[in-house]
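Please go over the structures that come below.
Both complexes shown next keep chain A, but they swap its partner, so chain B is in the first and chain C is in the second.
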Partner chain A sequence: MTNKKGLAFIILLTGFILSLFLCLFYKLDVENSQIILSYIRIPVVLKAIISGSCLALAGMFLQTISKNPLADPYLTGLSSGAGLGIVISILFFNSQNYSLFGFFGALVASFIVIALSGFSKFSITKLILIGLSLNLFAGSIISFLILKNPEKSYPMTLILTGGFSSADYFDKILISLFIIAIFMCVLVFPKLNALRLDTRLIFKSQENANKYNVLFILIAAFLTSISVYSAGILGFIGIICPLLSKLIFGLDARVLFFANLLLGSTLVLFSSFLASNILYPVQIPLGVVIAIVGAPFFVFFLFKKGGILNN
Partner chain B sequence: MSLSIPTNKLIVLLGPNGAGKSTLLNLITDNLKIKFHIENTFKNIFYLPQNPYYPIGITTFEYLSSVFFKNTWKWFLTTDEKLKIIEVLEKIELLDKKDIKIENLSGGEIQKANIGLGLLSGADLFLLDEPASNMDLINQVKILKMLKNLTSQGVSSVIIMHDVNLAIKYADEFIGVTTAHKLIQKNVKEFFNKETLKQVFDIEFEILEENDNFYVQIID
Partner chain C sequence: MYKLLISIIVTFFLLFSSVLAKDLSFVSLEPSLTETMYALGAQDMLKAVSSQCNHPVQAKEKPIIGDYYFINEQLLFDIKPDYFLFGELSFFMIDKYEQFGIKPVYFKNSDIESVYQNIFVLGKLTNKDEQAKDLVLDLKNKILNAKKMNKNPEKKILYVISMHPFITIGKKSFITDIIEKSGNHSVTKNIDTSYPLISIEYAISQKPDIVLIDIHCKDESMIQDLFPNAKIIKMTQEQTDFTDRPSIRIYKSIEFFAQLGND
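On to the complex of A and B.
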């Protein structure tokens, strides 16, 4: 790793620690600091880290195997699957634990899409098109359900934009799922270094390549579902983090693993800090802030370094 | 139909477009599952397609190292593997360019790096789909020479080529694929007679022989 990359890594790490401290200790009430920290701020911080890093890693997997910088963790019909799960849980079960429904909705949707794309005759194009169809299909059901139930439409729209609800108590399931997912990533991530080559070069036959592709897409779907569980549907992170990290740190998957972990969580942490403080005491939905902060940042990097567009 | 691939030979596949040369390579790699008998004793096959994709932003060394990450769970290359990469870089004459980004190499050098990938993968049979197309004569000759040298080191190659005269110079054996999808497998001397060439290409050829060297020319 060259000095420049090392410096970028240090800057990233500082940014991460800075946003972590901002989120935890900014304007912390001295009297009730213990309660605020352990019941509100620490859960929010953990959820931000989990959702950000999961989305970034999932995007990394999908962009590497599809060799397409536009691949997005919600490619596999996940977002609307999750959305449908959330809407159904609010409307029919009146459940407080809607994020769990979102998690299962996302998992079910991605399994349907991957299964329909076929395990042996699998192709990325097929996956994208089926995912797109499912997204449209489930999306229209969501719109229909929201329009039919105007009395609950506001909270539903708010949840669907993504964010950490403070009412939701912090969850041991979430942490264990996250640890499992990270463990899987650590196992398979170096393999992405081989997948940066032309797939026809390293796999004797297309079937063998497909086995790997399906494995990686399953892991990506699992990661994304975890992020849905912790923060709802956050757009953008899954596309820009892998792209940005590739621009800054090159194409070594081992470096990119840590870069994406840090970059994803820093972006979500910082955005969540802005979301809760910029118009205090009004809370802006997290998804909105991420897009507003992320988009200019991303376009700036695109123009500054170039190259990613012809990759 | 059947085909047997001899060991330690450079074999050139000749034939008009659409005759099924690429299909034949795919048959050998098991990508296509048709009842077709191929006799070979090779353990590991490396297939280099026409115009392969290469990633932008990694050095030649990193490009070659990618192969080692396929089947392992480990995060770091062992010293043995690093030495092996250096050895292969030396063999393909790219050692001085090991820290140069792969996209800054010339077409011929990228093709050499791809052959390096095959060497690192431990394959004993290379299937190359027009490895020397879009290259100038000197680079074509370099690639073919390299492949020829490899045959003495236990790596056989089956190459699709279109330049017949260049092929004669380096090939040990020829497989002609006709438009009727028939295979004609012969050595240089037997392959280059008027009847066989007419059968393969459906054109009249003139064959010039000079001190055991063959040249082929098209008769209008």
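On to the complex of A and C.
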């Protein structure tokens, strides 16, 4: 790692620690500190780290294998699958644990899209188009269900914009899933360097390359589903973090893995801090803050010299 | 002789106005307005109601015109009512019916004063001004009596609509007005919206004496942990039914909120 990259890594780490500190201790009410820390702030910090790093890693996997800088973790119809799971849980099961339904909805949607894309005759274009169709299909059902239940439309809309409001605070399942996903990533990410290149030169056959493509898409879907479980549907993180980390740290997947973990966590932590404090005591939905912060960032890097458009 | 003449003229006008009133027809999208129509004795003029209109029970027997966002337009044009009564939620979609001769009438439901105003407006539209005046007078007396039930006033109340996400009532909610009129205080009364999404930390810092949990809110155990010194009250379906609705039953809401701190 060059000095410049080393410095960037230190800045990133400092940003992470600062965001963590702000989320945990900013204006902490001393009198009720134990309740606030254990029930509100620590669970939020954990969820922010899990959702941010999962989305960033999923985005990195998908952008690498599709060789498309605009590939998004929700590519496989996952967001609408998650949204439908959440809406069904609220309307038909009256459940506060809607994020668990979102997790399963996201997983089911991903498996449907990947299966329809064909394992042996797999192609990214087919995946994107089937994912798009599923998004439109499930999206329209979500809209219909929300409009048919006006008394619950307000909380449902808030939940669908993303945030840490789910009842599954400090959830052991969530932490276990995250550890499993990170372990899977550690096992497979060295292969990502190979998939970055022309797969015809690296793998003996296209079929062999497809196996790895499908494997990475499945892991990306799993990571994104964990993020949905943790924070609902959050946009931008899965696009911005892989792009930004690639611009700063280069193309080595081993370095990018840690960079994305840190960058994703930091962005979600800091956005969560802003969402809670800009209009305090009113909360801005986290998804809204991330989109407001993320969109100008995205445009900036799009037009920056040596940026996305010039890569 | 002239007394007889006056009696004939008065009878003629009463008959004429009742004939006019009978011809009027209404459709209501708001449960609270449907309740008021019944209380005014104008239920026969009400030709259809929304799927949310469940009080009084007879209202359920009326044809369903739709809900806040979906209107059965075929039924609406079959009925072709003179007036289409609606509230805030349907504000953006009703005006278009005016071109077909169906007059939309918007009713605001932000505080108790607006409930009185709504009764007067409906009284005027249904030619039942006298009944409307009596109804408002009766309601004011009931509210006055309800306030007197508060033996231990100035309690700080946190009204939780939803725990995940944490939604409560703000300045523009009529429930805030009812809590204040009952002699107690809503801890979120200064937040300048109707139903804000707020920080739980803020709610904790306000140290409420009573936390009221809406019927749909499930996670009571967490609320007990977050507010260990507060009295936690889970509302029943019946209580939610009248506290949620700015109708002629608001005196019941005031009775309910006034008696919260009495135990």
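The working rule: the second predicted complex is superposed on the first by the 300 of 311 C-alpha atoms of A that agree within 3 Å, B and C clash if a C-alpha of one lies under 4 Å from a C-alpha of the other, contacts with A are read in each partner's own complex, and residues count from 1 in each chain.
Simple rule for what comes next: a contact is a pair of C-beta atoms (placed from the backbone, for glycine too) under 8 Å apart; a residue touches a chain by one contact, two chains touch by 3 or more.
Since the model is a prediction, treat every value here as computed from it, not as a measurement.
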Based on the superposed arrangement, let me know which partner A:251 touches: chain B (first), chain C (second), both, or neither?
-> first
Should A:282 be classified as contacting the first partner (chain B), the second (chain C), both, or neither?
-> second
So, A:191: does it touch chain B (first), chain C (second), both, or neither?
-> first
Name the contact category of A:30: first (chain B only), second (chain C only), both, or neither.
-> neither
Classify the contacts of A:148 with the two partner chains as first (chain B alone), second (chain C alone), both, or neither.
-> second
Partner chain in contact with A:67 - chain B first, chain C second, else both or neither | first
Tell me, which parts of chain B touch chain A in their complex?
-> 29-31, 45-49, 52-58, 62-63, 65-70, 72-76, 114, 117, 121
For chain C, which residues are in contact with chain A within the complex?
-> 52, 67-70, 89, 161-167, 188, 191, 193, 195-205, 216, 218-219, 222, 225-226, 228
Taking the complex as given, what residues does chain A use to touch chain B?
-> 67, 187-188, 190-194, 196-198, 200-202, 204-206, 246, 250-254, 307, 310-311
Write out the stretch or stretches of chain A touching chain C in their complex.
-> 29, 32, 35-36, 39-40, 94-96, 98, 147-148, 150-152, 154-155, 158-159, 163, 165-167, 169, 276, 280-283, 285
